[in-house]
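Heads up, there are several structures right after this.
Shared between the two complexes below is chain A, which has chain B as its partner in the first and chain C in the second.
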Partner chain A sequence: MEPKLNTNQPQVNLSKKEKIKLEREMRHQIITFVVMIFFTALAFMSVASDLIPASFAVPFILILAVIQVILQLYYFMHLKDKDHEWPNAFMLSGIVIIIPMVAALMLLLGVVKY
Partner chain B sequence: MSNSQALKKSVLWDWLTTVDHKKIGIMYLVAGAFFFVLGGLEAMIIRAQLMFPELNIVSAQAFNELITMHGTTMIFLAAMPLLFGFMNFIVPLQIGARDVAFPFLNSLGFWLFLFGGILLNLSWFFGGAPDAGWTAYVPLSSAEYAGTGLDYYVLGLQISGAGTLIGGINFLVTIITMRAPGMTMMKMPLFTWSSFVSSALILFAFPALTVGLFLLMFERLFGANYFIVEAGGNVVIWQHLFWIFGHPEVYILILPAFGIFSEVLSTFSKKRLFGYSAMVFATLIIGFLGFMVWAHHMFTVGMGPVANAIFAVATMAIAVPTGIKIFNWLFTLWGGRIKFTTANLFALGFIPSFVLGGVTGVMLATSAANYQFHDTYFVVAHFHYVIIGGVVFGLFAGTFYWWPKIFGYMLNETLGKWFFWLFFIGFHLTFFVQHFLGLMGMPRRVASYLDGQGLNDLNFISTIGAFFMAVAFVILLVNIFVARNDKAVADPWDGRTLEWATPTPVPEYNFAQTPVARELDALWYEKMQGNKKLPVAEPLGEIHMPNGSILPIIMSLGLFIASFGFIYATYWVSVIGLGLTLGCMVVRSVKEDHGYHIPVEEIKQDKEVG
Partner chain C sequence: MGHAQHNTDTLPPNPEKATLEGRNKFLAFWFFLGGETVLFASLFGTYLGLRNGTAGGPTAAEIFDLFLVFIMTTILLTSSLTSVFAMLAMKKGNFKQMLVWMWVTVGLGVAFLGLEIYEFYVYVGYGLTFTTSAFGSAFYTLVGFHGAHVAFGIGWIVTLLIRYRKSGLTLTNAPKFYLASLYWHFIDVVWVFIFTVVYLMGIGG
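What follows is the complex of A and B.
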């Protein structure tokens, strides 16, 4: 009665609706991928060229990074999909806890006291 | 049916290799009790030393080691494992599951904790225990001022902390994915809820400790520099990291205890818990706020008035959800048919004791006044009021409440009541007077005090109280021994939650058929509907069970050996130890193990007997 794994996977017949869904998913993934490549290129260009002043380059790259993280988590790692409420909840609570904590630490360990 | 039958094993081998959550729970309880006794003995020596002024029962150095090990042992090796023991045994039963989500990891978590605890305590025999306080503040804990004892502290806590983290994640996954059909989150018993929140706190808080310990380890053993001020380091980094972990840690301890009280009070009042949803949200809010208040341990560090004020207000905010809980417990009792069993006595004794600890907590949170209280016996009194009056009372309530389910016999109620009253009186005698000692200016962690400072009488009273607690605990041990023939029925307290629906002793698979939970207090609901049995979600069929494994103990042993290599800078030993651990991980990954099945006939047989 040992369950045999990976043998004789049955052929899956997708309905038309499911096919459309899969295609849309595929499209989303490709668009996200292109956007992320574009953002990465943008980040490199902002440093390589002198188009953007250095004082703005750092926050600019950080913003790009945040957007990329969101795209990565929600599209590539499926946080946007159904049945991902728990991972979402824990990711969010982690972020909600960490942001004030890191901010407070940066302030408190700095030279200036508040 | 190739390996449907579990191989018959010797008892010892069975316990060493078990992945059964009930057996692991019992091992947590036994190991936790052992460390509890150890920490208690340390406390007795501390109190004996302070009984009279200028006593010299132990040297000042030994005293520092004793207070450090008392705190560390009680928090990490006694309170947490004892709570983990109850969580392990009870939570799967309460949610109608057959085991935790990752039985192998559950076993690994236990063995890591045990080897970490043994490593920490071995320091007594190899050059002295850690002596920098349980908080191990740098520079006291730096290589310059502390001996090898601190290395044992760092590595011992690192190993047992990894075990705790594994356990916490395991409970989260178990509670999220393995609830019986019908049991929505808002129909879970409150002990399961508080275990869940507590596990989430472990998930978010322990990494801070891990990071802190790694920094300290690298500084002590490999000459890195994070904390040495002369070299551009900052000692306050350690304090922040420690308390970012340390404050949630005390909520990790108290929340499951709150859960136990909720179960006990509602069972022995014969009423459903008052304000269930408010209780759940109060638990969540306490958990969240627990992360926002760590700096209230550091008011006197010099963070500045704005930071102090923010953290003071955040700290006081915690009194609100805690107050909600206290009132809900009181309203649960209100109009109930209260039975004064030992378990309930501890729950009832908890309410005023914990409120006292909470009030002094708000006093300490007042950052201006904190300059006066800081590092005095007032603080010692406060945290013993919340930890003994909260956590330890919870553990004892849980012990008397769940003992029949876990060990199959009833503890003696007469001895139990002696135990409660002696412990209760002893506890207040010991710690109530310490508030005043603190206000008179007696600093904490001093090895002795001079005569003629007005500290003699109160210290004497405090020590007498400690002896009361010791005698009370001996009565508990006697109780455990003499009551062992009083066989328990499956549901001795007329319980409300699913664990009381299982037969005693609980079979390996917990539930022959997965039950359906139709209401909060699922078992009570069926009792009120006149149903003898719980509705079931599946026909009687063979049950898939995980195989036991010896690997967790070897993996933990590997890290244990590696630690010695690090402490004594003989790195080939570390390589062997880490190799052992990694080797076991490889074996575990490569070897396929699909578990075994318990055949239907065997389950039917059990049912007839049970």
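What follows is the complex of A and C.
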């Protein structure tokens, strides 16, 4: 029961260069995925094992989470590609505002544990 | 007109950004994700402020099942990868392959949602409900909001898949699938932080 697709379905015209680019993109994304799974497992183990003290584990897993999010944004969500100047600009300006704000709030509220 | 597009059967590369409408949708969707980030940031802040207020009820370290959450994380990460594959298939103009990868993404999303519902069911069995403590309210609100986003994403993608099951790739539906895929990645981004801040820090912090 083949679903009846348009027989003259529009094809995307790709030059050889673009095909190579897509292949490379796919390789990068698989590497990104493997790294993310590895970081997740690393974070999981650093908490599950009793050998690592919480004073080290908590900042460590937070850094791993930030790296994973950067990978996700730039590779999976294509922020590294061109035509993404505006999302990048808005995100960076948001981060510039957020960092002093969060730091100030943490100090004000006395949440200096981490 | 004719000189610009002499062959109507071909699409330009990157069909999701070939039209002005597609580019506008793309930019507006990043704005929407910015708003969503603020929403989840507030919920995370609330959770961090209230997570020690257990009011004699179960604490995070007592009930969280790290292994189950690890499986859920892996499932969601994999579904992120399959939606990336769907977008690659779209850029190659292979619409059928894109549909297949999108269905795989939906399937993994359903599996994730099922495990999350099971998880909540177990926690309620341990005596942690929405009204037990401030920790319970903050936890169910934060993780429940994420689950609602997953459910909405599944509904969205399934709607697209059914509506365009026979249409082939067009300049109209390429941006729609692309945005659905961006939304799905965003859900995964939020989950990375839930996994770290709620579960891992709940056990180890």
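Please note the rule applied: the second predicted complex is superposed on the first by the 99 of 114 C-alpha atoms of A that agree within 3 Å, B and C clash if a C-alpha of one lies under 4 Å from a C-alpha of the other, contacts with A are read in each partner's own complex, and residues count from 1 in each chain.
Here is the rule we use: a residue touches a chain if its C-beta (ideal position, glycine included) is under 8 Å from a C-beta of that chain, and two chains touch if they have at least 3 such contacts.
Small disclaimer: the values here were computed from a predicted structure and weren't measured.
Residue contacts after overlaying the shared chain place A:P100 against chain B, while chain C stays out of touching range.
Judged by the touch definition given at the top, the superposed model places A:F90 against both chain B and chain C. Number of chain A residues touched is higher for C, counting chain B against chain C. In the superposed model, A:L108 makes contact with chain B only, not with chain C.
Under the contact criterion defined above, the residues of chain A that touch both chain B in one complex and chain C in the other are 3, 86, 90, 94, 109, 114. Listed in rising order, the residues of chain C touching chain A in the complex are 8-13, 15, 17, 23, 27, 30-31, 34, 48-49, 66, 70, 73-74, 77-78, 80-81, 84-85, 88, 91-93, 95-96, 165-170, 182, 185-186, 188-189, 192-193, 195-197, 200-201, 203-205.
Interface residues of chain B, counted against chain A in their complex, comprise 1-2, 4, 176, 200, 203-204, 234, 236-237, 240, 244, 288, 291-292, 295, 302-307, 542, 594, 597. Residues of chain A that touch chain B in their complex: 1-3, 86, 90, 93-94, 96-97, 100-101, 104-105, 107-109, 113-114. The touching residues of chain A, counted against chain C in their complex, run 3-6, 8-14, 18-19, 22, 25-26, 29-30, 33, 36-37, 40-41, 43-44, 46-48, 54, 57-58, 61-62, 64-65, 68-69, 72-73, 76-77, 83, 86-87, 90-91, 94, 109, 111, 114.
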